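Structure first, then comments.
By letter and in written order, the chains are A, B and C; residue numbering begins at 1 in each of them.
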Amino acid sequence: MLRRLLTLLAVAFLGLAAAQSQIEIFSWWAGDEGPALEALIERYEEMYPGVEVINATVTGGSGVNARAVLKTRMLGGDPPDAFQVHAGQELIGTWVVADRMEDLTFLYEEMGWFEKYPQGLIEAMSTEDGIWSVPVNIHRSNVLWYVPANLEGWGITAPDSWAEFLTICPAIQAEGVTPLAVGENWTQQHLWESVALGVLGADDYDKLWTAELPFTDPKAMEVWDVFGEVLACTNDDAAGLSWQQATDMVVGGSAAFNIMGDWAAGYMSTTLGLEPGVGYGWAASPGTDGVFMWLSDAFGLPQGIQNRENTLNWLRLVGSAEGQDIFNPLKGSIAPHLESDLSLYNAYLQSTAADWQSNRVVGSLVHGAAAKEAFMSDFATVLEIYLATGSAMNAANAAQAIATQVGLGQ
Amino acid sequence: MTTWRRHRWVIYLLLAIASATFLLPVYLVVVTSLKAPADINLATTWSIPQAWHWKSFADAWVVFSPKLANSFTLTIVATIASALMGSMNGYVLSKWRFPGANVVFPLMLFGMFIPYQAILIPLFEFLRSVGLYGGLTGLILAHVVYGLPITTLIFRNYYAEIPDEMLEAGKIDGAGFFGLYGRIVFPLSLPGFVVVIIWQFTQIWNEFLFAVTLTSQESQPITVALAQLAGGEAVRWNLPMAGAIMAALPTLLVYILLGRYFVKGLLAGSVKG
Amino acid sequence: MKLTRDRWTAILMLLPSVVLIGVFVYGFIGQTAWTSFSDWGRVSSQALAVNPEIEMVGWQNYRDLFTGFIDVRFRQDLVNTFFFTIFFLAGCLGLGLGLAFLLDQDVKGEGFFRTLFLFPMSLSFVVTGTIWRWMLQPRGGVNVLPTTVGLPAWEFRWLTDRTQIWRFDWNALPGMTGLLVAAILLVVALSSWRGGRRLRAAVALASGVMLGAWALTLGRSVALLPFPELHGFNIAFVGIILAAVWQMSGYTMALYLAGLRGIPSELREAARVDGANEIQLYRHVVLPLLQPITLSAMIILGHISLKIFDLIFAMAGADNATTDVPALLMYLTAFRANQFSKGAAIAMVLLVMVAAVIVPYLWTSLRGETRR
């Protein structure tokens, strides 16, 4: 009774204080990725004029800094109203198991989204107990970038397999060019997952995350051997470079190739002003043609937030074809929503959208789609062990030990 | 002596080299902060900007001014509170020796040397449970408590110099605990306060670990904002450099204007009074 | 009667601070210790739960850190801290002493130079780190400095170099420690013998010999890990050491300068009258008098270097494994990977290391004070 009265009072108060109503949106979309978020926020402000939007961004690629800040805030009982998270296991394995999120099935029913998203994607975002996030974009992880004119000058083509890459590697080095540009720690993990997919193929790659294929299996160990050979073809100042700087090496002609998610296309088109297909070219990373390694940025509904209704409105916008078509052309990603208007997108994104429809899809490890975050955050250590010892056996043992400890695939 | 005299130019040469080395980073910061982002190029790091790009500071001001305000609030409140409490503690410990003081004092002192990681998780849990997590209040509380050992130490050593006879005389005049403090000790405390305030001001202003763990976006001080900006990617370096100057300026000014006392604080920090 | 009441007031006024420090320092350390023996965060579903289920697992976290397969990073971090501390101390003491000697030569503009060498002390480690991150860019900053006078640029990779030197097997650590302690005991034995304390010398000699024998025989077969694991000094730390020395050498300079000024001029004059030249004067008169200052500086700087966190965070980033230290790893383990119990265990190891440096120092300096 008292509670109802309080609620009534609160509602009345909120009505009066409507102008002070807020929503805090937490993300790691800073710098070049900022304009896409700002455009989406602008649309939100048009639709809900009384709501003050606080754009809280924490810089750092792939959310390396943001995740620490977010966790401290969630633990501290101060959750942001909406936070960016990688759809799939990153959200489920970290936040859903800890009972920090609300089930969004009701919102999917209300908005009729069950028919508007690919079935496989919805499954990846769900557990037995519900659906946990609304995806805003789809990125592809396994893309090889190059500058067509440069390749022609050196007399090479984009390799179809890692074996082929390793055979052309010495020739490129002979030109005084780095065959493959990589950057700081997480971009090396990013390279690893493309190597793993190329060496293992989609079926075995998936089995790694369901624990059907142990890391100590000879097939899985081969990934490390190939990875080691590929690393020998990379720049030696990698750890000091951001992913953009690694991309810059390719654009500037000091490196031939770079493997990065397709946010690199956004960077090259928007920030560097290059034309897709002319200024830069792309292919599936070696040995992964016909496979689309996906990752998706998403928003969920945290429990215990102050502005639940504002957040729900945000999710409604984020999940709509309209919202996604505002966001994605700027961000350099495609819309997961099936009614997205492809004519708004550039040549690269149209080709990716076609692949998204036709290809076999697998989840990304580094970007939270495939495996629990607990595994992923320790995977940096595995890479470190490999870099320090150069031993595939040590790396495989460490990976398996972590997989067992965190209960991978359960 | 004569050999030294003849070779005095060597001394000046060495000092000049050392000075140049110490100033190298300063030159780089100032130059970089005044370049337009497009002019910042790794190969021409050391050249003077072609045009003075004062806008860096305007841009940095937009990003950092709320954080500077946080830093000032935090630093001023925490400094004053810990200085006042330290003064009272120093007075008690130097003039009102009681049984057990020889145990209590070292135990208090130890608190200033501990790696704060060792109390970070419980501190975080505690502030959350009392609802102070994420705001400035919690951070201020932490700085006051963990500042107590050093302020107590400095005041205790400082008050030890006040002759006991002065207090005896005051007692004969009928002054009690507070009377002695208010009439005799406190009025003599000004230099002590200057040392303590300068020390605490620089310490709290510069602190990072508590700041990064205990604050949220709105309440973070400048050190956290700076580390996050510089740690991000595709950094336009003129901004963090301008931010670094803003973050450094308050403590730098305090140091240049009141350097004498700053050194005293440094020396006091090494325990022996 | 009145005095006693005042004394009670005094105790009462001290009480809030005592309680605060009791809870915030000792209570919290206790709680961290308790957490380090629990499994909080080992089970990922409990790590972030509102009311996590926590069980006690004894020494498991510590065992993992020192002998577990996955925690190789922590062990390298300990080695990093060890080397960092040595070079940081050597750099600060050497440079600080050198600058203090120069300034002690009655130079013009001494105040200016003193201010100049000390100003980095007033900066935040975060500011220093940000500046030096830019100074040490692999293809810019210090590396292109030679090009301003027409020389070829340096190629050193500073913070990202992966070279490791002075490598040793982690499994050899118990034996190495044993030998080191044995050596110290033998030195103690020798000096006690000279000082005429025969019994003490005999005990030290006997235990030193026994420990040495153990280290050379059984100690070699003690294996912490089932496989060899090499650790060493990461060259990438050179950049961090440079920045840290830049910031802190002014501190040792100030300490030494104060010490030099404290030496009575009569003492120097007396030595000169005895025919000592300037170098002899410094070696035999001045340096020995500065020894207590060296000790204090070593302890203050030593505990700073064990705790170093913000400088590396701002300079190399949290994820640069070659420049990692336990203080940073603790933050990442507890607050990003949410393995609170392991983070607490790292923090406790850190605390024990710092206490080993600080407690004897506090003990002796305060005991000396009460005697006085």
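Heads up, the rule we're going with is that contacts are C-beta pairs under 8 Å (C-beta built on N, C-alpha and C of every residue); 3 or more make two chains touch, one makes a residue touch a chain.
A quick note: this is a predicted structure, and the numbers were derived from the prediction, not measured.
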| item | value |
| --- | --- |
| Top-ranked pair of chains - ranking by C-beta pairs in contact | B-C |
| Centroid comparison with chain C (C-alpha atoms), farthest chain | A |
| Separation of mean Cα positions, chain C and chain A [Å, integer] | 40 |
| Gap in Å, rounded to a whole number, between the CA centres of chain C and chain B | 20 |
| Two or more partner chains touched - positions in chain C | 137, 139, 317-318, 331, 335 |
| Interface hub residues of chain A, defined as touching at least two other chains | 65, 72, 75 |
| Where chain B touches two or more other chains, by residue | 213, 231 |
| Complex contact set, residues of chain B against chain A | 124, 127-128, 131, 133-134, 213, 216-217, 228-229, 231-235 |
| Contacting residues of chain A [partner chain C, same complex] | 64-65, 67-68, 71-72, 74-75, 93-95, 97-100, 184-186, 236-240, 372-374, 377-378, 380-381, 384-385, 387-389, 394, 397-398, 401-402, 405-407 |
| Chain B residues within the chain C interface of the complex | 1, 3-4, 8, 11-12, 14-15, 18-19, 22-25, 28-29, 32, 41-43, 45-47, 85, 88-89, 92-93, 96, 98, 102, 104-111, 113-123, 125-126, 142, 145-146, 148-149, 152, 176-178, 202, 205-209, 212-213, 223, 226-227, 230-231, 237, 240-241, 243-244, 247-248, 251-252, 254-256, 259, 262-263, 266-267, 269-273 |
| Residues of chain A that touch chain B when the two form their complex | 24, 30-32, 54, 56, 58-61, 65, 72-73, 75-78, 242-245, 271 |
| Partner chain A, residues of chain C touching it in the complex | 42, 44-50, 69-70, 72-73, 76, 137-139, 157-160, 162, 164, 227, 230, 317-322, 331-332, 335-338 |
